[in-house]
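Right after this note come the structures.
Note that chain A is present in both complexes that follow, paired respectively with chain B and with chain C.
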Partner chain A sequence: MANLKNVTKKTKAQAMGMHSEVLTGRTQQKFFNPDEAENFYYFGTYDVDFNKRTDLDVKDMTAADANKEIDNLMSQGYGTIVIKNPQGKHSIGVGILNKLNLIFEGSLGYFGIGSCDGPIVRINGRVGWSCAENLMAGKVVIEKNAGSCFGAAIRGGDLICKGSVGARTGIDMKGGTIIIGGDAGAFTGFMMQRGRIIILGNVGINLGDSMYDGTIFVGGEIGSYGSDAVDAELTKSDQDWLKRKLKVAEIGENFDVSKMKKIVAGKKLWNYDNLEPTEKKGAI
Partner chain B sequence: MCGIAGLIHRGKSSKVGHELQGMLQALKHRGEDSTGYALYGDTDGKNFIMRFKVGENVGEGSTSVAEDVSVYDERKKIVDSYLSEMGAKIVKEERILPYSLRYEIEYNKKDLLEFSQKIESIPGVEILSMGKSLEVIKDLGNAKMVCDRYNLDKLVGTHAIGHARMATESGVDIKSAHPFWGYPFSDVSVVHNGQLTNYWNNRRALENKGMRFMSECDSELIAVYIAQKMREGASLEEGMKESLIGLDGVFTYFVATKDSLGMAKDTMAAKPLVLYESDDLVAMGSEEIAIRSILPQEIDTYDPFDGEVKVWQI
Partner chain C sequence: MVKKKNKKKITKSVTVKDQQLGKKKETAREKMIGQSIGYRYDVNLLPDYSKITPFLKKYIDAMGWDDLNWLEDVHMGYEEGRPAVFCRNANGWVTIPKSIKLPNNQQDRDMIARELLVKFQMSPKHPLVDLKKAYLKF
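Now for the complex of A and B:
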């Protein structure tokens, strides 16, 4: 591993294999500096102990009450919370801006684990549409299948589904990694702007349609490519990164990553040239 | 938004009215302007069951015009006389509500087109369903309200589909409520969640072929489209597969026949569907909570992919 103390901020992330894209347009890209970690905190977060564990049965609770109770338990220092009987309820486990071990014994409905930053979540069932939407950081593992819009607009973290996922996985994602053990539906990576999607199985039509940036790796068959999604060379660095990610994700550890396809943005869409509309007219 | 639900028991019968009520009630947040059931009950298969209406529910929220009950009585009389003219014998008659009736009819002709056209030539009369097993019940309100009003809780059968409707493109009335009968086919019904964007083009083409539309609800097109394909000789599954190309828009829909249940999802997978499948039961709905209402234990479910068509037999 590269010596992270002796490289510039931007190179640190690249040395860790977190960024390989080269942006050609205007960007507000900023890199996180580990030395300044103490300056990053959310108001109202709790100091929790992972070894302090409790159960929460949400069978007869509304989603709002369940979420309030999770917050209440964190305020008491519980760092590991096991949710019993979620039974497909919508919008549970949302808005957690805290380190936390959250385990769901069952399935979630729509918008589960939305807008979270930091928790490590394991769901022993299935999740409905828009799981982990807007995830900022943390790790979410789904043991079974997931619905459409999985990981919509995530900005960071690892989102792992060991089964198959529906359509529009990673739509509008702006960072982070989505890993799918099974198949993915149509329009996977639709308008993605950054980050990575790994699909070990097959993927549906219009893969990476109108993607601005980011990378998609596919192990199986591709239904069709979307607008401006193109093949790219799978490098040794990519393969090393894939192996490492799959190992951490606990899926496909023996998967032959050398045969995976790599799909990136062709960057031929109009919004990739730096010309103002008036300049563009002149250029034409 | 709308919510749809369906289930099919394989190799046994169950209280499908009660089960579907639970599934649709779990989806009531997706719309409760009206709720409809297509129930496939256990019958001896000798007589037709005709569910029909002679007027609309003009209760709160309805977009229909109020009529005097005497008008309903008059229409019913004409229906009775037309049935007699066509050689159909009423074996059992139930007037569940002033505007909603259920007849068991002894009728030997197979072609229901002429029969249906004759009955529906009476202004204000619509056949909701005609079949030897199928009964379509639909009315304003949520699943529980409709179930209680029509006493559907105890109906035993093999399969059922239903719909919780949020009215968007047509009125709040029974004629626009789902399920739609696959006129003029015995025992065919359809529910749909989504929007069809080539409704008028398809409708005009189908009307030119003699098919009838009772509402301006785009979902009715699916029932008529599938019925027309079957009329041309296609199987249910073939008709559904063709619909993925012929129908434009975003949709997930269910079709049921006397002995089967099918689902189709558009090529963009824009509308939700969660599916549970085991050896003896298939249950599906717009959201997993619908399935959870009949299967509270931990189960494996999945979302069918874009452009997927599946058909199950009882």
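Now for the complex of A and C:
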């Protein structure tokens, strides 16, 4: 039998005591410090200037290399980066947690602009599946059409497609706003929990299926309602917000928002009460 | 002859306390499982931009956005009966100090919540800063 030595090499996290803390309770108790200094950026992000502009040709780069180069340019203070020849690359422009003006001159493949928090992105072309997945904050504008799962699980920010989108747009979204200038496919707003979807055109079958919360506004025809998606009254506050948001989205400024349909959750699927076994009481 | 007594209709008066967010009486089921069912505040409430604070205006300008962006989804809620705002990055409620006087209407409260949340998230004392130092790969 091999004489295995007990390796006790500590990771950086262990050295910082992160594995020895006692975790009790369901939530952390943190307090604001109201005298906190005025700071608008996350700790450790780059100080960039929107007026400092550069081009990046990614024709002969892999997606990973292109993403690293975008990071490198941000570290040099470039606040506006124009990406040339994206040529439908997958997973490009991802993980940007910085303020940035990013412009793609062309189309993207799958999972573009994923897990971003803050940038303003403009894509002068089309995008494939799952564009802007898990967007936390920022604004993403697609000038043409988008594929399925557009804005899957987004938490915040504005995601705009001036053309039409595929199926399952805004699936599992937990915040933010998705705005579609054209039509949307089946299962739009599937399992959405929070946030808002605006569709100026028509939408396919099973709209808002199994939605927990959130709001969907539709300007055109609805193929069919999904389970627990119900109509609601369009209020004056909704109309004012829609007008303002469409202006931000640079589409449908003259659209008659008063004729839009508002769809919300019927809340009949809130069955967690029945699903939660009493035995779990001690564990919670 | 028996006189008919005028029966007074007994109506339960709903106190202001019952209507306040976070102080709603818990259902028997919620008490049993020790967990609330559904949101404790209106997650769909749209912001009133006339109530925006100078700090938030500066934040929007600094980021180059046109409006409150992700902060539209931030509202002041309650945690264990105390006003608090949920920090998605720390995955926990951040309690508002007692020293801060809160206005009566939800729109003004939401703006304060947004401002405090930005200050909290951008602070070098935010819990994620330590995590970033420990786990950042590149």
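Quick note on the criterion: the second predicted complex is superposed on the first by the 226 of 284 C-alpha atoms of A that agree within 3 Å, B and C clash if a C-alpha of one lies under 4 Å from a C-alpha of the other, contacts with A are read in each partner's own complex, and residues count from 1 in each chain.
Criterion: contacts are C-beta pairs under 8 Å (C-beta built on N, C-alpha and C of every residue); 3 or more make two chains touch, one makes a residue touch a chain.
Computed from a predicted model, the values in this text were never measured in an experiment.
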Check the residue A:186 against both partner chains and state whether it touches chain B (first), chain C (second), both, or neither.
first
Of chain B and chain C, which one touches more of chain A's residues?
C
First (chain B), second (chain C), both or neither: which does A:259 touch?
neither
In the superposed arrangement, does A:144 touch chain B (first), chain C (second), both or neither?
first
State whether A:236 touches chain B only (first), chain C only (second), both chains, or neither.
neither
Tell me which partner A:156 touches in the superposition: chain B (first), chain C (second), both or neither.
second
Contacts of chain A common to chain B and chain C in the A-superposed view none
Per the touch rule, the chain A residues reaching chain C in their complex are 11-13, 16, 18, 27-34, 36, 38-44, 50, 68, 71, 99, 101, 118, 120, 136-139, 155-158, 175-177, 194-195, 213-215, 237-238, 241, 244-245, 247-248, 264, 267, 270, 272-273, 276, 278, 280-281, 284
Using the touch rule from the top, collect the residues of chain B that touch chain A in their complex.
267-270, 272, 274, 287-289, 291-292, 296, 298, 300-303, 305-307
In the complex formed with chain A, which residues of chain C make contact?
29, 32-35, 37-39, 43-44, 46, 49, 55, 58-59, 62-67, 69-73, 79, 87-88, 90-97, 99-100, 116, 118-136, 138
Help me check something: in the complex, which residues belonging to chain A touch chain B?
87-90, 105-107, 109-110, 124-126, 128-129, 144-148, 163-168, 183, 185-187, 204-205
